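We call the chains A, B and C, going by the order they appear; numbering starts again at 1 in every chain.
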Amino acid sequence: MWRDALLVAGKDLRIEMRSRVVLNQVAPFAIVVLVLFAFALGPDRTPMVQGAAGLFWVAVLFAAVLAVQRSFALEANDGTRDGLRLSGLDPAGIFLGKAAAVAAQLIVLEVLLAAGVVLFYGAHVRSYGAVVAACAAGTAGLAAVGTLYGALAAGVRVRETLLPFLLLPVVAPVLLAGTRAWQAALGTGPGGDTAGPWLSLLLVFAAVYLSLGVVIFGSLQESG
Amino acid sequence: MTTPVPTPATSPNRKPWPLRALGAAALVSMAVTVWLGLWVTPPDKVQGQLVRLVYIHPPIAWVALYLAFGTAALASVLWLWPRTRSRFWDNLAAASMEVGTVFTALTLVTGSIWGRPTWGVWWAWDARLTSTALLLVLQLGYLALRRVPGDADSRARRCAVGAVIAGVDVPIVHFSVDWWKTLHQGATVLNPDLSPTIHGIMAWTLLLAFVAMTLVFIWMLIVRYRIQVLSERLEGAELEMALHERWAENPVPVPELVP
Amino acid sequence: MASAVFLRAAVALTGRFPALAGIDLIVAPGETLVLQGPNGAGKTSVLRACAGLLPITGGDAVVLGHDLRRNPSAVRRQVGMLGHAAALYDELSVVENVRFAVRAAGGGVDGIDAALDRLGLTGRLRRTTVARLSAGQRRRVALAVLMARRPALWLLDEPHAALDAEARALLGAVITESVAHGSTVLLASHEPEASLPLADRVVSLAGGRVVDERSLSRPVSAVMAAEAETTSRPFVVGDVHVA
């Protein structure tokens, strides 16, 4: 399973390095989202600083939807979809591999977005540990659920509109917990709120959906 | 497909008598609940007449979440498990989720109505309302998946996985929204506890209300399930027609297979 | 000896349409079978069903000992399919694609160079991204993948399309070699002059069912003449190339 996962992740990331879709399209999109938020909330800096944590995570969520769609667009060509199913790869391995590739791309996007938030909104990071931990755990959870839903919607013709509608509600806890953790780290949250419980929530979310994906991805590959 | 489509006990146009009896029981218990709730039980000291909504809102919420969603999620798991896979679980999940969506929407409406005089706003980000709103969106997502065209097996598979993903999310959502509200210091006056103290006849009425709502749900579930089975029979008949049309493409008689 | 492919009254649906409407087919191991028939007859569906990609909803279907009704994914490792669309990633190069496919199947990468050489994919061509290749070249890459994987059952969907004469001869040789190694071959084709020389048996499909079947113990030219009489395709017997 792990060998298959590495193989699939390597393949997806290699394609990304060649085509640079995430870097050239999704990253600018994420920055544009930040700028639009500034238009909506500004020009006074105070609401932006207050909302910086939440806005970061909303932008991450949107970027995640695009990253997942891209991940499954790699196999949108009928031949490659069949090819993957016929390849003999362990479905759990395919799941972990694709999720890992999506997670890697999301991490890069998050670094970019974090820089953007600090720059545009004037946020001050007080605890780097909490920020990094929240992003790591949150990304793992997002990638897991996203890959699951991406596979689910893969054979469907209306998948572009279906995927966001399915994915975003389910990852609402990541948005919630991630925002709280970041608020604790940025010092913009309600007083006395620590990042601890929120980080554990993010970890539980990631663990639950990674396990679920490993168990259930096989049945998604079976037909259709 | 592994099992043949189950048929209703009698002709489709007449409901079998256990179903009628169930419907009658549901109707009667609802009527008694309404009578008790509106006239017999006393109003609350704090909330006045508004407290009567406690006989409606919590039972509906319980049915929507635990009965409806729970049944759908459980049925989906049983469908996914190869040893127990059967059309019955898929149809049950679809029926349960659909009826459950109605109940979830009602939960939101009754919750909103209850909150309006108390809070002065039609909507407040109360923990339970927020979780329920998210639940509604998850259920609508399931219904959208159900509408995706395709053969019954793929559709069942997609919906079953969707239901499990959403089902696993429900407790996580509950916890996170709960913490969201309680860990948030500085709770405002806008969110007094909606739950009044219950005692005596109010407790009995509440119990009856739960029973009544459960009966209503089960009745609706069975009716919806029967509709689902009938629509499957229709699909089977369409398949028969399609097969005959396909055979008509080829007028040459099929020869015996040479071993 | 158990058959490689056993279909009896098999029904398969795409959406609500019965692509296979009760098909009977038995293929012995090591046999080369050609599927013929008009467009929409179900040739591609038979191949996809045998690969475990198209679920069987009625009748019996056993391929390479695996019951397709119960567990279609078990058979996938042992079949190799050459479909209309090549299962290649456009952004990766030829050698990267083949390497991925072979390692996915658990094979070693040593056989890759030999397979690529055999199919004329040498030198700079190996490092070219698939997106830049012609259709014929893509076919060759897909064929290289098949050769390197050595599956027990080959499923070829109109493999001669987009191949020039030299490549067709190569394909014929590759198929013959693999049959010599014990593989079973199912070939769907619109081009009898290219496919019949390779076949042990020809099966005609229409409307999702088998309508005719013929063993090729006679010389190929006689079969072609009989074909020309029964079909309306314009065809001249003298044009036949016998390998």
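In this text, a residue touches a chain if its C-beta (ideal position, glycine included) is under 8 Å from a C-beta of that chain, and two chains touch if they have at least 3 such contacts.
In this text, all values refer to a predicted model and were calculated from it rather than measured experimentally.
*Asks:* Which two chains are joined by the greatest number of C-beta pairs in contact?
*Replies:* Answer by contact count: the chains A-B.
*Asks:* Need the central chain here, defined by C-alpha centroid distance to the all-chain C-alpha centroid.
*Replies:* It is chain A that sits nearest the middle.
*Asks:* Name the chain whose C-alpha centroid is most distant from the C-alpha centroid of chain B.
*Replies:* Chain centre farthest from chain B's centre: C.
*Asks:* Go ahead and note the Å separation of the Cα centroids belonging to chain B and chain C.
*Replies:* The mean C-alpha positions of chain B and chain C differ by 48 Å.
*Asks:* How many angstrom lie between the centres of chain A and chain C, each centre taken as the mean Cα position?
*Replies:* Result: the chain centres lie 40 Å from each other.
*Asks:* Mind checking the centre-to-centre distance between chain A and chain B? Centres are C-alpha means, answer in whole Å.
*Replies:* Spacing between the chain centres: roughly 30 Å.
*Asks:* Multi-chain contacts only, two chains or more: what residues does chain C have there?
*Replies:* If we look for residues of chain C contacting two or more partner chains, we find 55.
*Asks:* Return the residues of chain A touching two or more other chains; collapse runs of consecutive numbers into ranges.
*Replies:* 222-224
*Asks:* Would you give the residues of chain B that are in contact with at least 2 other chains, written as numbers and ranges?
*Replies:* 150-151, 153-154, in rising order.
*Asks:* Report the residues of chain B in contact with chain A in the complex, numbered from low to high.
*Replies:* Counting only chain B, the residues touching chain A are 80, 134, 137-138, 140-141, 144-145, 148, 150-151, 153-154, 157-158, 161-162, 164-166, 168-169, 172-173, 175-177, 179-180, 183-186.
*Asks:* Of all residues in chain A, which touch chain C in the complex?
*Replies:* 4, 7, 11, 14-15, 18-19, 74, 77-80, 82-89, 218, 221-224
*Asks:* Which positions of chain C touch chain B when the two form their complex?
*Replies:* Of all residues in chain C, those touching chain B are 11, 13-18, 21-22, 24, 26, 40, 55, 57, 206-213, 215.
*Asks:* Touching residues of chain B toward chain C in the complex: what are they?
*Replies:* Its residues touching chain C are 1, 149-151, 153-154, 235, 238-239, 242-243, 246-250, 252, 254-255, 257-259.
*Asks:* Help me check something: in the complex, which residues belonging to chain A touch chain B?
*Replies:* Interface residues on chain A, with respect to chain B: 145, 148-149, 152, 155-156, 158, 162, 165-166, 169-170, 172-173, 176-177, 180, 190-193, 197-198, 201, 204-205, 208-209, 212, 216, 219-220, 222-224.
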